[in-house]
Each structure stands twice: as structure tokens, then as C-alpha cells.
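Next come two complexes built around chain A: one with chain B, the other with chain C.
Presenting the complex of A and B:
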């Protein structure tokens, strides 16, 4: 399978490491021989139609910060040129998320589909801005489109609902979809410490970003619940359709009171037909959404199974490579591999 | 798709109700038109190659306790005759579990495979007694074999690992796989009441059986962890290979001490290569295995995703029909439907 990687940051490198380590396993257990024919970042591209030496490329990227300084690389913004000019089966779109325009990922994905490539992405931007358009375009172009890594990192929430719970009607989706806020709320609950103190600690540990706005104001969670709703409930929603509240106003006393009543407070995204919402919610202790630390969780309310939840790590390059690789194996199987 | 139902107790009826209610949905969303051509229980069989009226048959079975008293039914033990004599695509084996011989399910499944039928079962017996044999037989006969409902009721644990986490190596599987014992331990922890009292209460509520031995001694959990190990770790284990301890000796004081340390006690089945075990274990509060009430949960330890857990209801005819129907849709898709 000929693969093009667009984006060679944390996720692109995590995926590449997994491809290197798992070459034998993928061939033996899945009959899958991935051949990365191009890797592109914002500064340049390396191309080898016989297949790049990923281990060598990883060394360059980790040492020098870009693939553009690798031997034989071309410099410049070359993503579209590579997507359209290099023969490939699958394009991975792994550039950073822009939730306002979806770019550059949105154009990358459209051009890849139009060129007849299957697309796998971790990029929330294009999915929040233009889900329906991309979903239809994939069908019109006859290509597969997978985005497991865009919601919940390692958690295959979309596949679980579409493939394994396919006999059910989904009544509601609830998710703890942001590891940073879940870490903060968990620490507030175990330490009784106020939000500001725990946020600073999380920033020092690298769990929260220097500008944590998108996380703590609930925007990141809103993106993910929008993607789940569009993908699984058939809605055509954007961020503007989500009623969002963050966690900055949650007080340790409120968490303590909740605990005395056998509950805890989590930042929960909720999707049902006609309503999308993000905000701090009471969750009973012992419920799967009451997971601690940086874990994420998604609960589906279903007509037959009643309630199925899945939990796991929502971020991290190695964890997320589980979803990125799972999507590749799934496409390989779908195509009869 | 022509379907034969062997076993028309709680699960067979639950599945039939789902098939009746979801006929439109299955046709519209999955292009699947299930036609039940025979339903068999230990007293008799009804057959109609044009498709049975399931709603009518459900009335008979619920009113009179058997399909043998339905109009046009034949009396007698007719399962093998129907499996081999009635043209069908899929045989559902839904008879009660016998963990010593696997019968009558084991013979039903073998004969169905040899007759070229795909097989879906909820029956733990054959899977505990002869997993490898059945798995090879299915391959030799060129038929699909699915058993999602045999472990965890509504929880699609096997499919999750095989289909959605396929890029990972599974290092360990841990499961809270028995709703009765989980209910008892949860009540002991919330009430501080002793085992014997809570067991009696569970029996009065119908959550524990009159003879609760298989549940409370951990045998049911041992069956399920054996099936998961054989299916997902490639082992060839039987019940005799599982080191089993039950929950009768768990004292409320032990649970209280655990809680003071931020933990709880659950009956956990554990499988890794070379070791199968069932027993009461400490689980941190906030961990997905610390689910309450009658919920079940399965945690996979994985090389890429680190840890993924899935929770849901492990029993109940409606809940389990989610898995039974999911397997049917999956076979339909696999065959290119």
C-alpha cells in the first residue's frame, strides 16, 4: 500500500515509528505492506516511490525539526504538489487543526479525494468545518474516508458505533473528550485545590498548554462532539450549533458536594438529534464517564444495548497511532486485502 | 438472509423481538432482509421456508412456553434435522450453556458448519470445551463464526479487539464479566453489608439465581476469560487451565479498607499469554473496571493504545440482542452485502 504523509509533527512521527516497529506484524497478521512514498511538512518534502527509509527520516525530523533538511528533500510548501503528483493509495492528513477555516487540511483532503486517494486524518478542523461536504465527496470519488484519531485519540469511538453497534439506534452520545480538563477536574477532586492552582500545575507538567483556552473553555470538546454527531447521528452541525461552557468556574466546593452525593463533576459533551452541548455535568461515581486523570470516555445510549461506554487515552503520539494504524488496516480489509 | 434459530428461550425471543422491530431499519440502513425459516426448541420445531411470522411465534412461545405448541409445529428433538435439512445461510445457536460437555450446542455448531451454514452463538459451553476445533472447522468449511454474545452480553469485546484495535499487540485482558457478582460487591461497598445478606437480596430481586454457585465461585467469569484468551491471544485453554477464586470470602471490612485507599474490590478475570486467573482484585476508583451495579467491563492492555476499556450490560435478552444482531450485520457485510 503506497502511503503519503502530509504533516510530520508529533502524530506523523508517532505513526512512522509504529510503521517501522510493526512492519513484520502488519505483513504477517494482516497481509499489509505499507510503503511510505512521500512525507511532507510545511518546509518541504521527501519523496521515494520505492519507499522511504522511515527510520532515517525520523532521525532527521527529530534532530532538525523538519523533513526539509533530509538528504534529497525539496524545500517549499509542497503538500498539494505531492498529493496530486505522487501515485499513492492512501493520504494521511496530519497537519495541525484550524477550527475556523479547516485549512490547510481541508484543501489537502479534498484534493486527495479528487485524485482518487483514500484519506485518513486526525485533523478536527476540516471535519468541524465541512463534514458533510467531505463525506459526500469521498462517496462521489469512490474513496474511503477515516478519521478515528480526530476524536478521543486512541479510542475507536466512531468505529465502535458504526461497525460493532450497528444494530442499534443511537439515542444520545456523551463524552469526556478532553484530557487536559479531565486531569484538572480530577486533581481538583482529589486535592480539593482550586482551578487556578491546578491549571498552573498542569501547565508545568506539560499537560495543559501555555494558552489553554481551547481546552478549558470547552471548545476542543465541542469540536469532538460535533464530529461524533455529524458522523453518527447524521447531523450537519458546526461549532456555532454547540452550546458551550468551560470549567473555569467550577469550584472545589462544588466537587466536594457532588462527592458527598456519590457523584463527581466532569466536562461532558452531549449530542442528540437537535441538541449539542458542552459543559460541566454531574456524573455518578462508578459510571464509566467518571474516569480519572487524562483518560477520555464516550458513552452511547442505545435502543438495544442500553448503554455502552469506551475509555482510553485521548492524546499522545503513540496512543493515537493505534487509531491511525487501525484505520489503515480497516481500509486494507475493506478493499479486500 | 435465511436464518435458523436453535433455542427459543430468553435470548432467542429477545433476538426475534429485535428482528421484528427492526425489519425496516435493517433493510434501509444495512440492505439486510432477515428471513427466519425455522425456530427450534427442545420440544419441537416450526419451519416455513418463505419466512416465519415471528410476532405470532413469539405469542405462542410466551404464552405456552414452547414453539412446539405453535400451529403447524412438529414435536420432538429436531435441532439436527432442521440444521441439516433446511436450507439456510445462518444458524443461531442459542441453547443453554453446558460447561462440561458443551452439548447440545457443540454438536449443533459442528453440524451447522459442516452443512455450510455461518454460525452465530451466545453459548459459552462449546467455546470453552472446543474453541480451537470450532475455529478450525469454520475455516475448513469456509463459513463465518461469531460469538460476541458469549462474553459480556451487549459488549462487543471480541470485535473491538479484532477489528478496531487490530494494529495493537494485546499484552493483557482484564474483565469484570459477571453482573451478579458485580452487583453483590457494589452493594457490599455502598451498604457495608455482609456477603450473605446481599446475596439473599440479589436472589430476591432475581439478579442472582437460586443456585448462584457458577457466578459467585467465579466459574462463569472463568468461562468468559477463557473464551477471550482463546479468541484474542491465540491460546488453546480450557476451564482447567484457569486459577479460580470466588467472592464468598470477601468481607465488607476489606472493601472499606480498599475504599479508604482510593480503591475497590472487583471479581476480575485476567488473561495473558501463559496465565489465566479469576479472583477478587483491588481496582482503583475511577478506573474503568471499577464500574458499579450489574455492569460488565473489559480492559485491554495494548502496546500502542496502552489501555482501552469497554463497559456495558453483560446480560438481558434485549441487551444481548445487540450483539446477536451486530454479528448478523457483520457477516452480511463480510459477505459483501
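Presenting the complex of A and C:
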């Protein structure tokens, strides 16, 4: 399979490392020989139709911060040129998320589909802005479209629901989908420390971003719950349809009161047909959603199976490469490989 | 019930409840309202599976010399817990409770307050008991409206409301 990587930041590099490490396994166990024919970031592109040496490329990207400084690279904004001009089977769209316009990922995905490439993405922006459009464009173009890594990092929430739980009607989806806020709430509950102090600690540890607004105001969770609703409940929702409350007002005393009643406070996204919501919720201690630290968790309420929950790491390049690679193998199988 | 004001009395009264599988919801120990005989009035709310077990609890209490002065029962009551964060006292918590208690078949059965530092917001945990699911949901949506009017953040249980 010929692969194009658009975006070579943490996730692109994590995926590349997994492809290097697992080359033998993929060939032996899945009959899959991935060949990365191009890698592109915002500064330039490297192309080799015979397949790039990923180990060498990783060294350059990690040392110099961009693929544009690799031997033989071209400089400039070359994503669209590569997507349309380089023969490939699969395009990975791994550029940073923009939740207002979905760009540049949205255009990358559309052009890739129109050029007949299957698309795998981790990018929430295009999925929040134009899920239905992309879903039907993929069908019209006769290409596969996968986005497991956009929700819950390593947790195979979309695949679990779409494939293994396919015989159920999903009544409700609930998720702890943001590692940063979950870390903050967990530390507030174990240390009794106020929000501002724990947030600062999380920033020092690199768990929270310098501008943590999207996380703590619940917007990141709202994006993910929108994607789950659109892909699993068949809705056509955007961010504006989600009722959102963040965690900035949650005080350690409130968590203590919750604990005295056998509960804890989690930032939970909830999706039902007709209502999408994000906000702090009381979760019984011991409930599958009461996960600690940066963990994520998703619970499906189903007509036959009743309740199914999964937990796992919601972020991290290595963990997320599990989803990105899983999608590739899934497409390979769907195509009869 | 009324208990002697000596150490160990409350424990003596609680033990039969847990022995017969009851689940204690709240204890109000009103030491400042002693009876003329110097006993302490205690109000207990607990949940128990059926009438036979309730009778066994009552018999055990009697055998231990615990005076049960009043007994109320409610079948199939539904409880829900909510947290409120904000200026709870300044926005008149009494009024919030009165409004809920004014709903038919609904009462605020427990309240815990944690005061914030001066100038900071406080937190309260409220348990609402209602006769049935429908009434509890209406209480929750009422509280939701009150909370948003009083600019309180309301946190409910997953799956509630």
C-alpha cells in the first residue's frame, strides 16, 4: 500500500515509528506492506515513489523540527500538490485541528477523496465542521474513510460501536474524552487542591497546553461527542448544537461532597438523538467512567447488550498510533487484502 | 427515636438496621433539642427491602431499649443527588429548598454545605427524594431552572434528568 502522510508532527511521527517497528509483523500477519511515498508538513515535502526511509526521516524531523530539511526535500506548502500529484492508495491527514473552519485538513481530505485516495484522519476539525459532507463524498468517490484516532486516542470507540456492536441500537453514548481535564479533576480529588494550582501543575508537566481554554471549557470534549453522534447516531450536528459547560467552577470542596456520597466529578460528554451535552457530572466511584489521571473512557447504552464500556489512553503519539494503524489494516482488509 | 445521651447509644440504634440489610440515608442527631428527660431526638432515614425486615429491625430496636417515637414509611421512593456550586448562601438556599419542597411528592431529604474561602464560591450537595421517577425528574428540571436564575453551576448524576 502506498501511503502519503500529510502532517508530520507528534502523530505523524508516532505512526511512522510504529510502521518501522511493525514492518515484519504487518507483512507476516496481515499481508500488508505499507510504503510511505511522501511525507509533508507545513514547511515542505519529501517524496520517494519507491518508499521513504522512515527511520532516516524521523531522525531529521526530530533533530530539525521539519521534513523540509531532509535530504532531497522540497520547501513550501506542498500538501495539495502531493495529494493530487503523487500516486497513492491512502492519505493520512494528521495536521493540527481547527474547529472553526476545519482547514487545512478539510480541503486536504476532500481533494484526497476526489483523487480516489482512501483517507485516514485524526483531525477533529474537518469532522466537526463537515462530517456528513465528507461521509457522502467518500461514498460518491468510492473510497474508504476512517477517523478512529479523532476520538479517544487509542480507544477504538468508533470501530467497536460500528462493527462489533453492529446488532444493537445505540441509545446513548457517554464519554470522559479529555485527558487534561480528567487529570485536573483527579488531582483536585486526591489532593484537595484548587483548580488554578492543579492547572498550573498540569501545564508544567505538559499535560495541559499553555492556552488550555479548549480543554477546560469542554469544547474539545464537545468536538468528540459531536463526532461520535454524527458517526454512530446518524445525526448531522455541529459544535453549536452541543450544550457545553466546562470545569473551571468545579471546586475541591464540591468533589469532597461528591465523594462523601460515594461519587466523583468527571467532565462527561453525552450524546443522545436530539441532545448533545458536555458538562461536569456526578459519577459513582467504581463506575467504568470513573477513570483516573489522563485516562479516557466511553460507555455505550445499547438495546441488546445494555451497557458496554471501554477505557484507555486518550492521547500520546504511540498510543494513538494504535488507532491510526488499526484503520490502515481495516482498510486493507475491507479491500480484500 | 429518642436516645440516652451517653456514648455508644447511636451505634446501638444503627446496628440492627445494617444487620438486616438496611441502607442508612441520613441521620439527624439533634443534641441541642434534648427532651425534658434528657434524651436526644434522632431522625433516621433508611431504605430496606421489605416489610418483614423492617419489622425485624423494629423488634431488635425495642429489644435494645431504643425508644421509637415516630415511624413513617414511604414505598418505592426515588432519590437523586445534585451538587450546586456558586454563591449558595447569598442566593438564599432556604428559598431554593422551599421551592423544591413545594412540589407535590418531592422533598429535599439531605443537604451538605461546604463554604468557600471568603469571596469564593461555595458548594452544596442536595439529596432530593420523590414518590416516583416522574416527580424526581420534574424536581431536577425545577432545580435546574432555579440554579440558572441564581447563576449556580448544577452538577447532576450521569443518566439523571
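Heads up, the rule we're going with is that the second predicted complex is superposed on the first by the 337 of 337 C-alpha atoms of A that agree within 3 Å, B and C clash if a C-alpha of one lies under 4 Å from a C-alpha of the other, contacts with A are read in each partner's own complex, and residues count from 1 in each chain.
Everything that follows uses one rule, which is that a residue touches a chain if its C-beta (ideal position, glycine included) is under 8 Å from a C-beta of that chain, and two chains touch if they have at least 3 such contacts.
Remember, it's a predicted structure, so these values are computed and weren't measured experimentally.
In the superposed model, A:249 makes contact with chain C only, not with chain B. Shared-chain residue A:25: touches chain B; no touch with chain C. Of the two partner chains placed by superposition, only chain C is touched by A:268; chain B is not.
Contact comparison for chain A: of chain B and chain C, B touches the greater number of residues. Shared-chain residue A:257: touches chain C; no touch with chain B. Of the two partner chains placed by the overlay, only chain C lies in contact with A:174; chain B stays clear of it. Of the two partner chains, chain C is the only one that A:280 touches; chain B does not reach it. The interface of chain A with chain B overlaps its interface with chain C at residues 284, 287. Looking at the complex, you find that chain C touches chain A at residues 81-83, 85-86, 112, 114-116, 120-125, 127, 153, 155-159. The touching residues of chain B, counted against chain A in their complex, run 18, 22, 25-26, 29-30, 148, 154-156, 159-160, 163-169, 186, 284-288, 290-293, 295, 297, 302, 304-313, 318-319, 321-323, 325-326, 328-330. Within the complex, the chain A residues that touch chain C are 172, 174, 245, 249-251, 253-254, 256-258, 260-261, 263, 265, 268, 270, 279-284, 287, 289.
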